[in-house]
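Across the two complexes that follow, chain A remains constant while its partner is chain B and subsequently chain C.
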Partner chain A sequence: MTTASERGRRLALLGGTPTFSDPVPLGQLGFPSWERFEAAIRGICERGWYTNHGPLAVEAERRLADELGVAEVVCVSNATVGLMMACRALGLAGSAVVSTFTPPAAAEALLWSGVTPRLCDVEAGGVHADPETVRAAIDDDVCAIVAVNLWGGFADLDGLTALAAERRVPLVLDSAHAFGSAYRGAARGALEVFSFHESHIVNTGEGGCVATDDPELAARLRNIRSSYGAGRPVPVPITSNGRFSEAQAALALLALDDLESARRRNREQFDRYAAALAGVDGLRLVEPARARESNHQSAVVEVDDATFGLSAPQLVRVLRAEGVEAAAPIRRPLHRTTLFRDAAAGPLPRAERAAASLVQLPLGAALSAATAEEIAELIVAAGRSAATLAAAL
Partner chain B sequence: MTTASERGRRLALLGGTPTFSDPVPLGQLGFPSWERFEAAIRGICERGWYTNHGPLAVEAERRLADELGVAEVVCVSNATVGLMMACRALGLAGSAVVSTFTPPAAAEALLWSGVTPRLCDVEAGGVHADPETVRAAIDDDVCAIVAVNLWGGFADLDGLTALAAERRVPLVLDSAHAFGSAYRGAARGALEVFSFHESHIVNTGEGGCVATDDPELAARLRNIRSSYGAGRPVPVPITSNGRFSEAQAALALLALDDLESARRRNREQFDRYAAALAGVDGLRLVEPARARESNHQSAVVEVDDATFGLSAPQLVRVLRAEGVEAAAPIRRPLHRTTLFRDAAAGPLPRAERAAASLVQLPLGAALSAATAEEIAELIVAAGRSAATLAAAL
Partner chain C sequence: MNPHTSMTDSPALPRPGAARKRAVGDLALLGGDHAFDPPVSTSNLSRPDPERLLGYARRFHDARRYTADGPLGALLEARLREFHECEHVVSFSCGFWALALAIRCLALPGRTEVVMPSLTYRRMADAVAWTGLIPRFCEVDARTLGMTRETAAVALTPQTALILGAQPIVNCCDMSGLEALAAETGLPLLIDSVESTYESYEGRRIGNFGRAELFSMHASKLLNGMEGGYVTTNDSELDARLRRLRAVGADAGGDIAELGINARLSEIHAAFALANLDALGDCIAHNEAIYRTYQRTLCDLPGLRLLAFDESERCGFKNIVVELEEAWPLTRELTIAHLNAEGVLARAYYHPPLHARTTAYEQRGLELPVSDALGGRFLLLPCGANTTADDVCDVVALLHFLSDNAPALRDAARP
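This part shows the complex of A and B:
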């Protein structure tokens, strides 16, 4: 494989050979070493206990709680189901304010639980809801504020906690992206939902957990998760199946062993992107917001097309031609989708601008820091040839 | 280990040594050979594709469809989520008639989708809803009939199909127990939901699928499963996360390879129970109802306490003392639970009698046919000592 610099940066869209013959994928895509995974699975087979809150699920919940510094963790089949269960465990009914910059499955989890999303805009210069944008979307029916923490960073949880307290509603944290990150302050919401999807730093294929310091809430979550199947029985409004299998738990435990090294790997790739893109006009690598520590699991750049010379979608096309699976991290803000087109009280211009200007770059176990640097060099080269590329696109 | 016969059947509750020092568990609990599983997982790691409808999920859906003789199969995280998705894909709104002899998670799946269960009784001498009991529970608001097929057998699907056609509502089949069984007729409902929980003949830890001959319904299910993430985009009322990971798909494929041998193993154990219990007064092994072919995955006996001398709960205690994890297969009919106490229009006496008289016995990969026979011998011995045991309990 020749590097972009060796080839003198003749981009594939301009007739060069694609830099990567095997596409470089998005997502963390981490997996434990084969030996450790094999040992864990052999243990499951010997016990013949494949699901139903087995010993590995119990251990995973304990270790996840330690890692998060929280009293209770309830593991679930995936974060969407976790958020659905969370709404029911909190007894939510009414509307919940959530940023229009939310993955569809999270907003729809509210709908499944009978809660109506009210969409708010993102903060100035950022990608998260803030107290001002949330306040503008609050209606008389509000029952919760849902803060979505994106790309290893956080919304202004202190400000949102104060607003939630003022309105006497719970603050729910959708921290699908945030495992292994730490907020700069003490606020942590009534509960926090994490995802262990393959795209995140803890990969159990599908999976997730709900973390809370409230033991009563945790007891309700456990009863909802498995039709009263694990934990002391408490009254709940509804039950479901959100169980975490032993195979998922085995992967979670191994991913916790690897958490520090995965965070280091991510940080190294992130820093290479940052260094290589630092001087590029019209391009900004999004820093994890308000994180005391970040998992650095996502590299997202903001493209100012007037300065850079290419729009974000154009840059995506340039990179895809090189074998880099870059993509818009949020294809459309929710209020631009059919299902949620009436869920915002007014225009949400910042989110629309942000959605149109962001590009997510590969970062994770499937690449090395050198590959991250090479992708950054491709972007630099694209900027230099922006006029020619724009004409060719 | 001494057998019950060698010990002269001195039962543990009467001072004997428990027959099984390692408890004999309920449930199929099958797992593929280690070598084949290892090979499958290595392939997943090499591809670095752990979920999001990967190549194994695609192959599993194709092979499951072949096995079921159905046009479309949509794999899902578990059968509960599958049933929730199915209700939304069918656009159900109103009430659905379902037997009170339904696992709680299935009835609650209806609630999650905004459908109100109306509970009906079971047929005379059986455990399934039938056209007569369903008709008695239909109200003006009915939007579906949900038939739950229990223990490798089936409800009267021909009769229920006719009734559903008369009422112009879909017949939905909850076939969580029925993979590998075949109904004696041609009726198959609008769709059929299967479970791959560890307790069933196909074990993916957690997992399941929805099968249908309707390609439009399948397209809607695929769009609901993954926020429009796989398959051609079609309008759906809501989406979720019901994805089936590659690890689940690997297990499903291997379980399909093993299906015939698992069915044979089950049949052998079932036949041993049948032979050994044939002459016992007051005890009847429940035959899979209306099956042209059955997976024989469950051994459930009906206890007539007046004749047998012990009630079903008493027999459970006798067997548990021997290390046999027998249990009531339905702890309580749904109309006797808090959540559904108002969901029946009147008394449902057959289901109450059945719930109180049934005992599920171990059958599956965790035991041999000889163990099944030994458990049957323990039951015979319990019957002989019924008076003494009843006094001791």
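This part shows the complex of A and C:
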């Protein structure tokens, strides 16, 4: 097929026609075939059991536990609520360290639970917190370390597990991005929270789950979630509503059926990006970190503006003009928001650099591998016309 | 016991005969067969028309939008604005977090207490505690079971940050009184109107009282969205703030100025709610038929008083509540034990009252003699989409049988 650059078409920002008349969206946006979805919805209507830990929710928890290889899975209405429930189930009180370069869910869950977030920087050459950056942010009040695993990859969980053991605090894993990925080491944290938001590989609209090998912790989580499906009653500091409806459960089960093909699709698109962008000076596709196996659910490129000729925000504007909904994957490190501006002990320069230099590209069910390649070609073309584009911007 | 156990739509299923208990030994609690299989519950559990539901689902499917700000969330909010005749509706993943966020938005800064009834939804105090505020309980009126201006006023302190009203299960609380109290004291008023979704009060549609009102779309409620909730308000700033907070609190520029959460409504839940909203008229008609049957059949059963809907207002007729009066010959506990054993999932009305529970967080206002006395007297009876008028007759026949055989049942319950 002919690509934009081969056609020699002018980029949209320079007066050309946008490559995609229907914008190519970000996010996995996977959904089962309509026929299977319809059958599942009709089944729910026939049973008349809509929520409160119904038969599909029970089955979803069992299959998720099998898939994850853990003893217990507690499905929740979304990952943020799952993290909030986790903080309460662990009885956290004090401060907890979390990377500033993360979506706000974990840090907000800490605040909702009365825990003070201490924001740390990311590792050299990566996007995750590591033992060194966490250690720099730890104070005497520390009650937990939260590792947020980004884009199908992982933080140094073995190193963080050792640090958590040294400080005698639990390691909590925010693996919102990591369902279907496997860490290369043995560490698995006290518990691990996954997201089934539409942007991730398992899409239940909103949704998520908490996985743990600790039956006591699981019992507390079930009691905090709601009284239905609570199992045996155990004392908890507070309850909430974190229920997972039968529709969410139906979508989770169908997504599990499709998991292997979704991973394959993602891998193919990721590889197309990698091949097409290899050798472009000043651009690097971020490989999922420390993954034995990755869901490859995100394509994120690092832009070195001095070499590439365009900054990350400029590249975003070029792509958006073409109908590609590229965006900074994390718009601001948390310490640059009003709410968390006092949560860092000092400057966190690597996170700021990462926020300014990364661009997330579409990858998922809404596009084909050929489209991924076409987007990559647009980026190549943008690099070639960088000087003109920069002047136009 | 799970109120959602095995709800099929086959009312013609043969029954071991609820009304045909001949001897005390036929009662399930005493070894007999249970009368209702499947059980009948107090949950609404409206069944959406699958074609209509799938028609709505097509829209989000084709738009590839699966969560808030998709086509159905916006449509549902618009339809609910019309329904409540109010200016703004913000949808949420459930009523619980909608409540917590509304409390955070409305509570006066620097103050610590939320005044709320004790005889209410069992997680209400937990929602207050999640916000870091302290529940201070107040009484309800013994006649209406609702909070009034007077019961709220005596609970106010210099630390009161918010008046959190809550509707009783039948009819509405003293909303004009609470609004007057709020106006006089300058305190914000937020009302949990979950149980009064369809109602009007002094001719005004529910959804227009206080600074905001809160609703649930849990499957057990009048409008079944499986899970879900929403807030109504006529305050555009509050509307914008709640929209921001349900999506982690981030503004258009990516800044987070105040603590948010993820409380977005999934499009599939919006589809369920829309399909059920389309059929709400049928649902109300069914609920009214159930209520009329209870009215007709309970009137000659001494000791059980059916709480009457105020039919001078719009009524949803959803909940069936009876008071166990002096003349009722069994304790509420034993009555419920027998009913539950028969597959009649009757429930105690808001039991235990919140002030009587031990919690890990602080609660204030724990001396509530009226709520203590009321807390033991009321019972919710089966209703909703899966309960038929014939079921109601059978339930009432069973209550007659329990009443007629009370001495023997009391003996059998002795250890």
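Here is the rule we use: the second predicted complex is superposed on the first by the 383 of 393 C-alpha atoms of A that agree within 3 Å, B and C clash if a C-alpha of one lies under 4 Å from a C-alpha of the other, contacts with A are read in each partner's own complex, and residues count from 1 in each chain.
We take it that contacts are C-beta pairs under 8 Å (C-beta built on N, C-alpha and C of every residue); 3 or more make two chains touch, one makes a residue touch a chain.
Note that the coordinates shown come from a computational prediction; the quantities given were computed from them, not determined experimentally.
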| item | value |
| --- | --- |
| Room on chain A for both chain B and chain C (clash or fit) | clash |
| Chain B versus chain C as contact partner of A:E46, first or second or both or neither | second |
| Touched partner set for A:F340, first chain B, second chain C, both or neither | second |
| Contacts of A:E246 with chain B and chain C, given as first, second, both or neither | both |
| Touched partner set for A:R332, first chain B, second chain C, both or neither | second |
| Touching both chain B and chain C, residues of chain A | 25, 29, 31, 34, 37-38, 41-42, 45, 48-52, 77-81, 84, 103-105, 108, 111-112, 197-198, 203, 205-206, 228, 238-241, 243, 245-248, 338-339, 366 |
| For the chain B and chain A complex, residues of the former touching the latter | 25, 29, 31, 34, 37-38, 41-42, 45, 48-52, 77-81, 84, 103-105, 108-109, 111-112, 197-198, 203, 205-206, 227-228, 235, 238-241, 243, 245-248, 338-339, 365-366 |
| Residue ranges of chain A touching chain C (in the complex, touch as defined) | 25, 29, 31, 34, 37-38, 41-42, 45-54, 77-81, 84, 103-105, 108, 111-112, 114, 197-198, 203-207, 228, 236-241, 243, 245-248, 251, 331-332, 334, 337-340, 366 |
| Touching residues (chain side chain C, partner chain A) in the complex | 2-4, 6-9, 45, 47-48, 50, 53-54, 57, 61, 64-68, 93-97, 123, 126, 129-130, 132, 218-219, 224, 226-227, 248-250, 254-269, 272, 359-361, 385-386 |
